[in-house]
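Dropping the structures in below, format is structure tokens.
Okay, so subunit A shows up in both of these, paired with subunit B first and subunit C after.
Here is the complex of A and B:
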């Protein structure tokens, strides 16, 4: 039972994270590889604010979202001037900067030791140390995030983002401010990542840099690619599918030192397989004037 | 009223001079054709007008406003609509979404913020009316990528009308269009004329342009070499020289 609740909590957190990435990457075709770095910023903000400053739940989730959002404006302000492949390179450079900071800025992040003892929130007199209560909390957050992202995906803003991903000059000719649309997509996705990071820190109670590596980025990328970039329910379904997929491996007698790498290989193979199999339709060919 | 004034416009990529001082004035409500051999700078001129290229010299004045260095989306806001040579319809969207996207450009985003807002229903209804004009209403829910070349062209032009453009820049509207549908494109251009829109059209097919243009500008090596009525252009020795070469002006 506890194990089931643990998996459901993970599904909720990853759904927030993956739906967030889907806006710039899936809809806007911006190859944002800094998503997990922003997720780390959210997690560390909550970890530091709650352990060092004793700030409560609401303060922490809002500051995680706000700081992640500000951070994304910084990345976006620089990287969004780059086009296509260079944008991907720019974001990967930023995520390396974050990894290096997390490991080496020891006076703040405690480096590879990580930050332990993040207290679970207590709200409305309910103790969220109980996992089943925490599940309700994170599920409510997931529903709210999904609702907001659904609105953005299906309204005029979503159409602008789709238009610019298909034919930038065409969108510009219809008076669409494409740079602003991309920046907003970045901002929305980073707030979602910040929130997911905050919940992750609260749930695990302990964070260290290894949770926010490139491996994690590949996992989130796999979720979006398998769920079909730009779709909505597809992402939610593929999150559940991919979080649960390697779980049966636990019941086979494999030492943990092999199990970890096996999961990573599994995800990488799935990502490669889907990209190979769907290469024609995953992203339509770019067009220029 | 003067719609567009282009004076001494130059543009170069590296050391190659593409436009060599282009001058012309377009009055509101005029329909003007631009012809010229390949490489004469027609599309580059359009890109300078819609802002995808920033000219290296000269000035562009649109409705008494200097737009020489303005961003493309700002020019579009002012009412400059562009129809591209290589189909700028959003192929992954449905046909009606293409029109709705254009309609939304002039609206406050809050009106269409929620997917279930009333304005979205109104826009969808309006989109259907526009599609009826070009006989595409039955395709409204199909992906725009499934349309034929001619249908895509019609969609793109009617989308620009729905957007509310005043000046239409049509870059080879018959390129990739079947001969049968060229007539439909011509009829749509005539509809734009009836609505009082100002139209500049690049075209290779002088017979097609003749159907509605009372004035034709001939470009060669980045310069305006002729600016006259179609009748005078046809008989002009300069045109022969530009297209078939007569010694010095020869340029593919």
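Here is the complex of A and C:
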């Protein structure tokens, strides 16, 4: 039972993270590979604020989202100057700078040792050290995030974002503000990533740089690609599917040193298989006149 | 106490490794317009194949080189055929995603077969360093500098003085025009991709002799090769090679020179490549060396 609750909590956290990436990557076709770096920023913000400064739950959640949002402005700035493959390289470089900082800025982040002992929140007199209570908290957050993103995708920002991904000149000529739509999309996606990071830090109680590597980015990318970029319910379904998929491997007798690479291999093979299978329709070529 | 000459030699050594690793990436970008995210992993795979042949199977240097070359050619062929060429007709996203997947497939396969521990290729060799004018240098480092010069010279000769090189240049300038005049696209692509993989594998083997290898080294070298390519201008081969040496110089000087209390800790060495990418992309996206391109 405890194990099932653990998996459900992970599904909720990853849904928030993947739905966040779906906005710029799936809908806007902006290949943002810095999403996990922003997630790391959210997690470290919560970890540092709650252990060093003793700030409570609401303060940590909001400041994680705010600081992650600040980073999104930088990513948005990159996206204004660069397009396509340049933007992908730029975001990879950005996320590598963040992970280099996490590893090397030892006086703040404690380097590869990580930050232990992040206290679970205590709200309304309920003890969230109980995993089932924590599940309710994360599930509520997930529903709120899903609702906000659903509304965002269906109002004018979402439509403009979709339009600029297909044919930017066309969207501009209809007086759509594509710059604003992109910036807002990065802002919302980063806030979601910061929130997911914050919950991750609260749930695991311990974070270190290895949880936010490129491997993690590929996992989130796999979720979005498998769930069909740009769809809404598909992402939620594929998160549940992909988080649960490697779990049976735990019950087979495999040494742990093989298990990690095997999980990685499974995800990258699925990612490649889906891209191979759906290569014509996954990302339509941009429309040209 | 003057460490500047030693730093310059170190810069030359790491620049040579980056140049070998990134030149293949630059030519492939010029031909196929793809960013191969698995390029650094090809380097890692080549080094591990050599480790398998030389250290684990105990073959001598010559035989194990041949085994490594053959296996690297097979790996490069398969990567291009399965992971790149079927997707180039579609959105550029696809190749980026498939090569990202390929890079983790390489990394996890190597970790499963050889384990995640650090390995060294120089077991059984006695490497004494020479001292020339106060500069310490090992035979491996001399080999790195010399063979980079020879191989890059060979590359220059092939690209600028042979009919094959003329075809490569024609294809990277305008694919459809070259195709209309009878240049075989697929054959050239396979040849260039394989040659790039061999250069990368050789660089990986040199890294294995100079320091050590591990399955996670691929990403760092991919990003450094990207940094060199962005410094030199995307697809510009000579610019990329120059960018590699500049990158080596910046890394070694920034870490080695003493700025008093503002000295930069050695852990940040890798971060420079990433910061360079961002700065160059934001302020001079065409690269330091502008390439005269023709477009139809």
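We adopt the following convention: the second predicted complex is superposed on the first by the 284 of 289 C-alpha atoms of A that agree within 3 Å, B and C clash if a C-alpha of one lies under 4 Å from a C-alpha of the other, contacts with A are read in each partner's own complex, and residues count from 1 in each chain.
Following the convention adopted for this analysis, contacts are C-beta pairs under 8 Å (C-beta built on N, C-alpha and C of every residue); 3 or more make two chains touch, one makes a residue touch a chain.
On a predicted model such as this, the values are computed, not experimentally measured, just so you know.
Asker: Of subunit B and subunit C, which one touches more of subunit A's residues?
Answerer: Touching more residues of subunit A than the other partner does is C.
Asker: Between subunit B (first) and subunit C (second), which does A:267 come into contact with in this model arrangement: first, second, both, or neither?
Answerer: Only subunit C; A:267 stays clear of subunit B.
Asker: Could you tell me if A:51 is touching subunit B, subunit C, both of them or neither one (first, second, both, neither)?
Answerer: Neither partner.
Asker: Check the residue A:157 against both partner chains and state whether it touches subunit B (first), subunit C (second), both, or neither.
Answerer: first
Asker: Pick one for A:276: touches subunit B only (first), subunit C only (second), both, or neither.
Answerer: second
Asker: Is A:178 touching anything from subunit B or subunit C once the two structures are fitted on A? First, second, both or neither.
Answerer: A:178: touches subunit B, not subunit C.
Asker: Using the superposition on chain A described above, determine whether A:89 touches subunit B (first), subunit C (second), both, or neither.
Answerer: Touch partner of A:89: subunit C, not subunit B.
Asker: Taking the superposition as given, does A:31 touch the first partner, subunit B, the second, subunit C, both, or neither?
Answerer: After superposition on chain A, A:31 lies in contact with subunit C alone.
Asker: Share the list of subunit A residues that count as touching for subunit B in one structure and for subunit C in the other.
Answerer: Dual-contact residues (subunit A): 284.
Asker: Can you tell me which positions in subunit A touch subunit B when the two form their complex?
Answerer: Against subunit B, subunit A makes touches at 150-151, 154-157, 159-160, 162-163, 166-167, 169-170, 172-178, 284, 287, 289.
Asker: Using the touch rule from the top, collect the residues of subunit B that touch subunit A in their complex.
Answerer: It comes out as residues 43, 47, 50-52, 72-74, 76-77, 81-82, 84, 86, 88-93, 97, 100-102, 104-107, 109, 112-115, 117, 120, 159-160, 163.
Asker: List the residues on subunit C that touch subunit A in their complex, please.
Answerer: Against subunit A, subunit C makes touches at 35, 83, 86-87, 90-94, 96-98, 100-102, 104-105, 107-109, 111-112, 115-116, 219, 223, 226-227, 230, 234, 265, 267-268, 270-271, 273-275, 277-278, 281-282, 285.
Asker: Under the touch definition given earlier, write down the residues of subunit A that touch subunit C in their complex.
Answerer: 29, 31, 78, 81-82, 84-86, 88-90, 92-94, 96-97, 100-101, 103-104, 214-215, 218, 221, 225, 257-258, 260-262, 264-265, 267-269, 271-272, 275-276, 279-280, 282-286
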